[in-house]
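Letters A, B and C mark the chains as written, and numbering starts fresh at 1 in each.
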Amino acid sequence: MNIEKLHNELSKDLTKIKELKPMIHHITNYVAMNDSANITIAIGASPIMSFAHGEMEELVSVASTLLINIGTLDEYIIQAMMLALNTAKKNNVPILFDPVGSGATKLRTTTATTIVNEGVDVVKGNQGEILSLLGKEGVVKGVDSKAEIDAEVVREVSQKVKSVVVATGKKDFVTNGKKVYVMANGTDMLGKITASGCMLGSVIASFMAVQKDYLIAAIEGLACYNIAGELAAEKSEGSGSFRQNLIDEIFNITAEKVVDRIKLEEIP
Amino acid sequence: MNIEKLHNELSKDLTKIKELKPMIHHITNYVAMNDSANITIAIGASPIMSFAHGEMEELVSVASTLLINIGTLDEYIIQAMMLALNTAKKNNVPILFDPVGSGATKLRTTTATTIVNEGVDVVKGNQGEILSLLGKEGVVKGVDSKAEIDAEVVREVSQKVKSVVVATGKKDFVTNGKKVYVMANGTDMLGKITASGCMLGSVIASFMAVQKDYLIAAIEGLACYNIAGELAAEKSEGSGSFRQNLIDEIFNITAEKVVDRIKLEEIP
Amino acid sequence: MNIEKLHNELSKDLTKIKELKPMIHHITNYVAMNDSANITIAIGASPIMSFAHGEMEELVSVASTLLINIGTLDEYIIQAMMLALNTAKKNNVPILFDPVGSGATKLRTTTATTIVNEGVDVVKGNQGEILSLLGKEGVVKGVDSKAEIDAEVVREVSQKVKSVVVATGKKDFVTNGKKVYVMANGTDMLGKITASGCMLGSVIASFMAVQKDYLIAAIEGLACYNIAGELAAEKSEGSGSFRQNLIDEIFNITAEKVVDRIKLEEIP
């Protein structure tokens, strides 16, 4: 994945998203719903947010990507996730999973483990959440994990959960279990708004609808999001304006803006 | 409804809303709640958002308008809607209904049909949602209906559901089953943010609290919303800033700004 | 609490919040969740939003403050609040309670009374909500109470509920049952956005995590919030931009900006 290839794929895939307006079915948390819907539209796709059991099969079977995010849970929502997973698998709908808070509570770790065991296509989390999927006791403490991750570990997780893995942090790792990429883009401001990780999930899910190599889709989504973040930070006066500018920058993102700033390396 | 009449009514009704701060009880979806609350305050009314069965009667009986929106459903919320409808009818509280996604899933079509059969005062939806209320099979496909509507059809729906109908699209139709108006205002940017239709519902519901001719209330709300959208689009750099500017423009809307730009025609 | 002391405490406490990033566990309403999360991060703390029974003990036992807000209720959420209260008490986690709408419906008044009877550390509400805690019939009518409060009454409520009380209104009262302070800062624009009171709760809760004299924490939070509001209003064109500017101003608030504008008086 050199810069030229990224430029070509991204150019093509951004255009496809805007043309096809793929339906991204979200089962996500109450805090992020509005932001995730807005950023999904901003990149060009079409969000649906529903956890109603009675319509899950109808909606997920015609979706282009299913996004599952465990940021706020109850029994009903967990069942909705299982129904949705099942329908997605039957209909070959790609699945992005965001294990918010996995490692912080038993409920989240158990739910996350159950979901990755069902089989998903991309797992996106912060480093602590990703580490928790290894099932090693005591790796994560609290919700804001300070755990360090490296190419080795992220590859191990990917092989274990049999999916592309995106581990965000000071640097972001993306792997399909074989190749590992590290990206050094982004801004501290992305940590100053809520639903930041959730919105990244929505952007990656939008690329998964048009790019069948999910390693590439994950890199595209992460690159657009981080670089939109950099551009937004430069013109923001605080976290309130940053949030709005981030959505504006995703709305206006181009392959050119991305390749201009991308810091992407393959780790051997 | 010529321009002069619209100017007079709107002038009077905007002032009334700001003076009376009518309580608009919302049972709406999780994605739109915050935006709908903010736009309701921006136009001058007072939003309440509650689906708690245990307080529905107390709240709805003193509300000035009841707004029901089926954007996210579960059993508890559907029951809350029925309780609210019942209380509104007993207390002569006007009802606006937004059949989000009707036609896209059986759950939504059935819920929408049940609600319009109870009897509501204004139904506001996109063209596909409005068409679905005719109960014709195969009219709508998917959530983003490309169905075309015309004066004839919208009048038919209005007569069938016995309420004022607002059908939004490239052009917007408003009818009371006899007169049909078409409005050519608005901006593509209104399709680039989530909860756009839901917020329109909140604005119309605010006018229903002070204007007892609901055909006029619907035209007033639609005109303010579309023209605030036009003004907001002119100063926005993307969908993030558009959303904020839209609320600013509703906050600052006047009858003068509306009549300056209105493109409204009665269809014979 | 003279200006010099406020300056010193605020300087120290703002720094502490930003260094320690204390976890503020919120059980709050669906409308405010996103705004409350964003303002909590803006002041420097770390929000968690969960009402899942199955993880309540794990999350609340490691939280720095528990915030409970009854803006939207159902059975499950009320039970979650009780679980959270219980855990907070066992673990000496300070509790802020926001009795949204208490006095407006029996469900809310009963729930609020139950919660204050369990014992909380700070109660923050508008004047009508605070008055409703006295249990006097007919004090409050409707949701937007016009009830007037004074130093006497607010002290009475504080002594009755055995907690610090913040009563917001044209002027804001803060008391620990002995001392009563009145603050004349703020802006009408704070009444033009939804979740305004809820966000104030999040800011006070953030101070409670680092300032063990909750009377001081309440004054600090209220002062930062009102003065950020004043600064935001000066550069806003409506309620849409005000909301974003408010979060920017909280993000950039300093002890100096606060003491520059503070209008705080102790009432004998």
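Definition applied: a contact is a pair of C-beta atoms (placed from the backbone, for glycine too) under 8 Å apart; a residue touches a chain by one contact, two chains touch by 3 or more.
Because the structure is predicted, anything quoted here is derived from the model rather than measured.
A.B. asks: Pick same or different for copies chain A and chain C, depending on whether their interface residues overlap by over half.
C.D. replies: different
A.B. asks: In degrees and to the nearest 5, what turn takes the CA positions of chain B onto those of chain C?
C.D. replies: 120
A.B. asks: What is the distance in Å between the mean C-alpha positions of chain A and chain C?
C.D. replies: Here chain A and chain C have centroids separated by 33 Å.
A.B. asks: Taking each residue of chain B in turn, which ones touch at least two of the other chains?
C.D. replies: As it turns out, chain B has residues touching two or more other chains at 30, 34, 243-244.
A.B. asks: Can you list the residues on chain C that touch chain B in the complex?
C.D. replies: It comes out as residues 29-32, 34-35, 71-74, 104-108, 142-144, 191-195, 236-241, 243-244.
A.B. asks: Across the complex, what residues on chain C touch chain A?
C.D. replies: These residues of chain C touch chain A: 21, 23, 30, 33-34, 37-38, 41-42, 46-55, 58-59, 62, 76, 243-252.
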